[in-house]
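As written, the chain order gives the labels A, B, C and D, with residue 1 at the start of each chain.
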């Protein structure tokens, strides 16, 4: 017994097992994604940079209220217009600002948005928001959220002004809470 | 060190060494003040708080649903269990029963989170002990888990993927197949890690008998999770106080016997396999139905205090919520961070070991500073 | 009249310059090779951005290190701090003066008569290499001490103990080769293998194992890389070094690897000899120049070095000592006895 | 509610309605848990008998038992629960600040766990602002850091604690952040960054004290 133990210590089969694993991977296919040239497409639900559609927005402030860190600022005023002889009140968004540099991309604003399709959404697949200047460049006004000026969009993604639509968070409607 | 205590031949001076907060193997911003005799650790004093963000104070200002993104940032390598802990506590406070499908989705996400947390642990633990390659294999698998998270909720790390009353989304098309494909392959990958490490004589010598803590001592120090199970206490919140639908799932609690670093390593390796088993069962039995319970639009709490805990990858992760009548925010929300309490045992575990063992013990406690400092 | 001048000054200087340049270039590319090999074992691609397929990476690294600010800690022992990188680099390079990487050659008829390409062959070359390479440890110790950093200090101390422990079994393993070759001259050792039609790794398999393990330990490589264990001692003895000084430490490690691998090739794998010289259908192997054979064998050893690094965890300090004193020294002594008896029986 | 106290159940079942209806519980209205007196619980009764005058009240809520204890009897009660009733495991402790409350500003709360039947109870003591609380580090070692955290965050002093220092914040931090009167947006903490500008032992003065 002692002899066999001695030889098992002398001949390191346990070490060879490890060498076999690493050696085996030596010639196998590599997992690296060569980033700027190769990109993995984010999934449909990926929470990326914000988009906003002022036409759909009903100015309900739910997104601002749902934001855990209060980075959505909305200023609005009421306008009255006559339709069929009735005076109707209509809320107009003056400012809709998102301070993206503080955003933690939880997506609660999008979930809170009551319009169909959503008026504010993050399913844009765009994630390259790095910038040399964070106070100006990462503060998005209503116009920039629409036009996506200076945003490095994911290839193939257009700005909301050019017709980007929110992704379909398939299945969100099946929740019991929504049904109630 | 070998041998008994010898009288020093000449005057010895203790050396103070500030280990961290910027150090490759303190897993964040932990700082340990060491008193050394040569390389032997005479005393270790962890200094924490470099990552303190006042999360508990923040909870007091946030409406209940908006606390959930903040919980992501506690144990950021396993955000799903953090979410789960909070929503389970809230549901207990509000008396909500969640639909079974939601519970199963939650369990799948939590177990995926547990696997990814253990993968990060193994990667860093191995690197601490000098084996650099498992890191990349582990992160390859972790990447697949993060892909699954991304496909489900759109985020990879800070998931924000559970809500009071269920989960926010239905599973996307093809997700179940993608997940079950991964789960089928995963145990083979674990075999690979084990081939690299488990039998390796160097790995064994670096871990066996290092940082031993007995079962009584572990309970006395309040250890939970793998450090407690490594000492041989068969205790797992998923079995003891089953939340969601863990009581319907068949799985085992791996336990160690010696309470040393190697046992804790084995326990975590087994836990990964068990988690894969849980996910497999959940995927097979995934019930149909809604994913959200009927909850009021604005959550208003009854007066009282509740505590509920989940088995996080690091140990018992508990949330304690004090609620005021008709309150919309927690009056006080306290987190029981497993790493914080596990770290407390560090000085006792490293007493008399060498500096090289300190990194092994820090690694085996599997701490996350985001959770310790909150 | 010029003959002695040419013979004793010009030719050696040319040789030295060429060898130095080649060694430094090889060492620079060893860093690249290490990164690539590790990457390939770790399912990634490694450096591939600088130049075609990343082949200019070592040059870029060198330029970067040249351009870096050279920091000297305020409380460092300045003179020693400056000296230490040289003290480790010089012995490492000096060892190459006696390493015979190819037999005497006339460079395909370019030279009037065959000339050895290596700098010199001294009759105690093996001893010389061992002696020189153990000076290198002073660089590590002094570098660690003079930085006035606790982590560096511990790295230096570890290195000292490690060197002392592993020189002994290494020496014993080499004595086994001496018994077989009956010479300390590296050229004679190769010639002895040629004459015996037997490379020494077959009778000296144990000696090879011991020698290589000790070589890994001597060069502070994984799994014995304690002096610079980055997860324990940040970067060990070179924590405080930057710029070219750091590069010296870095390159010296690879140079030492090269020395150890070259010695292993010479002592156990027949140096520049081609394998199977007497097998008729393999005679085409003779076309390949000897220096290539040498390079291939050395490369295999280097690959094993990197394979180890990619696979194994690191020993702890006291365990390293245990392996050295409790296993390697007794084994190497036993091996000495076995080889001695064998030599006695075979050669009478 | 009494049947729930002895065997803690998963909250799903604990909160389920008594009679199953046609509607599954997740589509029904949530069943808010209610408070109930729990003085007749065996552990409470044992504690009341074992440590004279320790138990002030006991409350059951959402399947959890909260025992309010006389602060003076805290250590005795804890030791009794650990030794006699098998609560070997201190799960956690924390404090709650009620600045307006008359009987004392702070609740200090302890959870403990018994492994034999997986039973958890919660002790609560009420402490005034200037009142110190006896330490339980002699009973459970693990309470060391927990008490330090409570001291750090609430400023509650634990008598007899071996090493009562701040743990998450640095020595010299001015204030105790989890008190309700501490501003959420925080205070200027220049004290740590510029020790030469701000005196040791105190951060910048708050507004009432004459600071900016």
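The working rule: a contact is a pair of C-beta atoms (placed from the backbone, for glycine too) under 8 Å apart; a residue touches a chain by one contact, two chains touch by 3 or more.
This structure is a prediction, so every number in the text was calculated from the model and none was measured.
Ranked by C-beta contact pairs, the top interface belongs to chains B-D. Taking the mean of all protein C-alpha atoms as the reference point, the chain centroid lying nearest to it belongs to B.
With respect to subunit A, maximal separation of chain centres occurs for C (centres as means of Cα atoms). Centres computed as Cα averages put subunit A at a distance of 26 Å from subunit B. Per-chain Cα centroids separate subunit C from subunit D by 63 Å.
Inter-chain centre distance (subunit A to subunit D, centres taken as mean C-alpha positions): 39 Å. Chain centres here are Cα means. That of subunit A falls 53 Å from that of subunit C. Looking at subunit A, residues 9, 15, 18, 21-22, 31, 176 sit in touch with two or more other chains. Counting partners per residue, subunit D has 26-27 as the residues that reach two or more other chains. Multi-chain contact residues of subunit C, defined as those touching 2 or more other chains: 41-44, 310-312. If you check the complex, the residues on subunit B that touch subunit D are 48-49, 52, 54, 56-58, 60-61, 88, 91-99, 102-103, 165-166, 219-222, 233, 235, 240-245, 247, 290, 293-296, 302-309, 316, 318, 320, 322, 331-332, 334, 336, 340-341, 344, 373-374. Those residues of subunit B lying in contact with subunit A across their complex are 62, 65-70, 72-73, 99, 133, 140, 143, 147, 150-155, 158, 160, 165-166, 168-173, 192, 195-197, 199-202, 290-295, 297. Of all residues in subunit A, only 9-10, 15, 18-19, 21-23, 25-32, 34 touch subunit C in the complex they form.
Across the complex, subunit C meets subunit A through its residues 37, 39-45, 307-308, 310-312, 327, 331. Put simply, subunit D touches subunit B in their complex at residues 8, 10-12, 14-16, 24-35, 61-64, 66, 88-92, 94, 96-97, 109, 111, 115, 118, 120, 122, 140-142, 144-146, 149, 153, 166-170, 177-178, 182, 184, 186.
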